[in-house]
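Right after this note come the structures.
Here chain A shows up in two complexes: once beside chain B, once beside chain C.
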Partner chain A sequence: MNTCAIETQGLSKRYHRVTALSDCSVTVPEGRISALVGPNGAGKTTLLRLLAGLARPTGGSALVLGGTPRQDPAFLSEVGFLAQEIPLYRRFSAQDHIQVGAHMNLRWDAESVRTRLTGLNIPLDRPVGKLSGGQRAQVALALTLAKQPRVLLLDEPVAALDPLARRHFLGTLTAAVAESGGELTVVLSSHLITDLERVSDHMILLSASRVQLCGDTDELLAEHKLLVGPRKDTAALERMHKVVHTVSTPRQARLLVRLSGPVFDPAYEAEDVSLEDLVLGYMGADAPAAYAHLAAVGDDQ
Partner chain B sequence: MITFRVDGRSGVPPYLQIVQQVRQALRMGVLDVGDQLPTVREVVAAVAINPNTVLKAYRDLEREGLVEARAGQGTFVKRRPPGPPPGTHSRLGRSLEHWVREAREAGLDDESIESLLRVTLRSAETAVDSHHSPEEEIA
Partner chain C sequence: MSFLIWRQYRLQAAFAALVLAVFAAVLLITGLKMASQWHTILSACTASGTCGSLQQQGGASLGSVLGHDFAILSMLAPALFGMLVGAPLLAREYESRTFDFAWSQSVTRTRWLLVKVGWVLLAAAVWGGVIAELVTWWSGPRNAAYQNWFQPNYFDQQGIVPIGYSVFATALGIAAGAVFRRTLPAVAIVVGGFIGLRLWTSQDLRLHYMTPVTTSYSMTGNFNPPTGSPLVGGGMTGPNGQVLAQNFNSDNTFNGVPISSLPHACQALASQASNLSTQASNSAQNAANSAQNAANQCLARAGYHNFLSYQPASRYWAFQGIETGIFVALALVLLAVTFYVVRNRDA
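Right, the complex of A and B next:
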């Protein structure tokens, strides 16, 4: 359980003069579902593409299941990647895709696709272009799982789905992780924090091309508190703790703080943080003005 | 067999929601000794939560002595939590219903009823046997 499925060291990617990802060092232990969060343009897709071997880093290194991501059959048989624009042939049925997949993959469990899709009442013989968005996403996920990957990289797979389709998709995903007995590791990018809160137990938070947080979700939540108190000089507080984000009115201040020990100042009341507090706080701390209002909205709730 | 419901907005951690729902089902007699709990796979497929959340809940229940994991078979109810027999809850629930109706007729809204209940529980706490945890009193 303690081995790492994914480990990167100073991973960077530049496209001409644009830095998409900078000095990214993350680890994801085996068997986890890691939530990849951050504002648009933070580098989420770039990180996933680097891990899948679809792009080459301009700096640093990545190890996925102990190997460098690359486009060769041995690596690709272990790693499943599902892009945001679900890559299916619209005129092909699920059954056609199953046959194509059998030719293209070293390991291919065609029966598992049929079982999953039949269980969801998705017709195997209808062109996927005529299925609903949720059904198409399920077909793509079932096909990705058919090669029995040990690492699954999903780039906003549920963004376009309605709540029920999302719930079903995430149910299929978590069931696959349960079936693997701790051997399947997932990295899932999404903006839907309530979904991520349910399904993930690990998180990577990117903002402005950099890693802001990476680790066990419960531990990260426990390390952070929302301090509510009078608006005043925080120098003393900041000598010991890291103030991530502050929202203040003329009288009151709410500080998202990463603690390194107890808070001794009795002027503050410490509240537990939710995943949403954490994500919005870190986005607001280091994100362009466009996200500042979002952080403020989150803090008001 | 029971089904679980996990509310993301309740403020109670998901694993604790599962623990509480199993305890509740045991108290109400919905689950009995020897019954099997749904497998981790079944739970996550239905409610879409992290498998480790379910494992953590089942481990907690096992540590409490309420369930046991049998290798290759699943998780089974070993005993009911200490407390009155199952019928008691529904009986007390019925008399509480009468009381609530009376309170509503007297003009109390839900918030006043809840705070009255909380105050009464707190003032009665000293009189309660020490082996009951406060959590069980509320649930």
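Right, the complex of A and C next:
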């Protein structure tokens, strides 16, 4: 569990004048399911595509299973990538895709796809264009797993699914990770924090094309506290701890703080944070107005 | 890899085979009819000993309208393949984002593209080749009767050039799809690019692939290049062998050469011929002819010559080869662009 499946150093990607990812250094240990979170346009898709070797970085480096992502069958066979749009040939049936995959891969477990899909009552012989969105996502995931990759990169695969389909999808995913016996590492991007909370044990938080947090979810949650207290100058607090985000009302302030030790000020009451608090706090800290109101709503409750 | 290509294109392949079958049937039926027509004409002219002037005889009515239309239509076949198969080859993968599926398997992009482009270009060559050979067979009697293989609507439909056209149109569609990532602009590029280049080559470029043969002959003589040889130019040369500039827009000319630039001794005869030839009456035409003859004799004495330059009919296959080579070479350039774009642009 000590080896890193994914390791990036100062990874950057610019498209003409737009910086999609900037100075991104993250590590994901082998065997983890890492939640990749961040607001729209934060660089999640860019990071995943760089790791999959579908795009080339403009700066820094990435190591996936010890190698630079590249166009080479040996590398490609180790990495499974599923794009947000669930790209499948709409006129092909699942069975067609299974056959295509068998011709285009070094390793290919066709039986696993059939077992998974029949278990979910998804017809193998119907064109995938005629399946529901949830079924299509399941077909795509089953095909990606049939490669028996050691790193699985999933870009918002559940975004378009209803709650039940989402649960099925994530169930398939966690079962696959369990079956792999610690061999399979997953990076899964999503906006659905409750889903991520259930399946992931590692997280990467991107905002405004930069990495805000990266690490073991439990450790990160333990390092952060929500301090509730009077509105007052936080300079003393900030000498020791990092205040990530502040929501204040005239009478009260709620501070999301990354601790570097105990809090001595008795005016504050420390509360544990949830993954959602953490994510929203960091998103709110970095300007995106779209999430600021969510943070405020969470605060009122 | 090839399995994916087959699975993707089996419907189009079946459709193309069907179109070819219909095309072959029409050409076969009308072609057999034309062949028997031709045999009748041949045996008739052999009996009467008039085979030397076949063009003026029944040869003019050779072939049916339907077959002829199909032969003309065959000139569009390469563009059709380029539009329907070449243009969507990459553009559709981009539009539906299925390249993300293809490129997430264990096959490199380069290999994926190589196999895909290889099979499709092979199909394009077969498509162009089969149609061209059918039309060539069908045109046999017409070729024999008219002997004008170099005419655009003969040269462009027969032999091996349609293979080059077909490969080029398809490569153009593929490259445009790689650059624009959308089918419609790629189709537009195929239509514009293919028709533009085809017209340019057949109207302007073709007769200059090789240095034409120039034959000089007496002012009073006559010269006919071998049958089926397209003319590239002609006119008169002066006593030092210099080519005389022609101006067909002005009135005071003899064979297109301004009369003032002819020797003084011949100018009077030349203007007489020039003036008389514009009059309609028979007597004027007769007078014009004798003035023309007199002027020619005068010019011949002064050291003037006629000349004609032409591409000998025997160069037909050389020209077919050159034109096919040009289109295939352009296709290779377009494929190089395609590979560069696909390999180097982020997906």
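Odds and ends about this structure:
To be clear about the criterion, the second predicted complex is superposed on the first by the 300 of 301 C-alpha atoms of A that agree within 3 Å, B and C clash if a C-alpha of one lies under 4 Å from a C-alpha of the other, contacts with A are read in each partner's own complex, and residues count from 1 in each chain.
Heads up, the rule we're going with is that a contact is a pair of C-beta atoms (placed from the backbone, for glycine too) under 8 Å apart; a residue touches a chain by one contact, two chains touch by 3 or more.
Since we're looking at a predicted model, the values are computed, not measured.
In the superposition on chain A, contact is made by A:179 with chain B only, not with chain C.
Set against each other, chain B and chain C differ in how many residues of chain A they touch, and the higher count belongs to C.
When the shared chain is aligned, no partner comes close enough to touch A:162: not chain B, not chain C. With both structures placed on the common chain, the touch criterion links A:55 to chain C but leaves chain B unconnected. In the superposition on chain A, A:87 makes contact with chain C only, while chain B stays out of contact range.
Once chain A of one complex is fitted onto chain A of the other, the partner contacts of A:269 are absent, as it touches neither chain B nor chain C.
Looking at the shared chain after the overlay, A:238 reaches neither chain B nor chain C.
In the superposition on chain A, contact of A:106 is made with chain C only, not with chain B.
Shared-chain residue A:71: touches chain C; no touch with chain B.
Common to the chain B and chain C contact sets on chain A is no residue at all.
On the chain C side of its complex with chain A, the touching residues are 1-4, 7-8, 96-110, 343, 346-347.
Chain contact summary for the complex, chain B toward chain A: residues 6, 8-9, 14, 39-41, 44-54.
Within the complex formed with chain C, the chain A residues making contact are 49, 52, 54-56, 71-73, 76-77, 79-83, 85, 87-90, 92, 96, 99-101, 103-107, 140, 144, 147.
Residues of chain A touching chain B in their complex: 31-33, 167-168, 170-175, 177-179, 194-195, 197-201.
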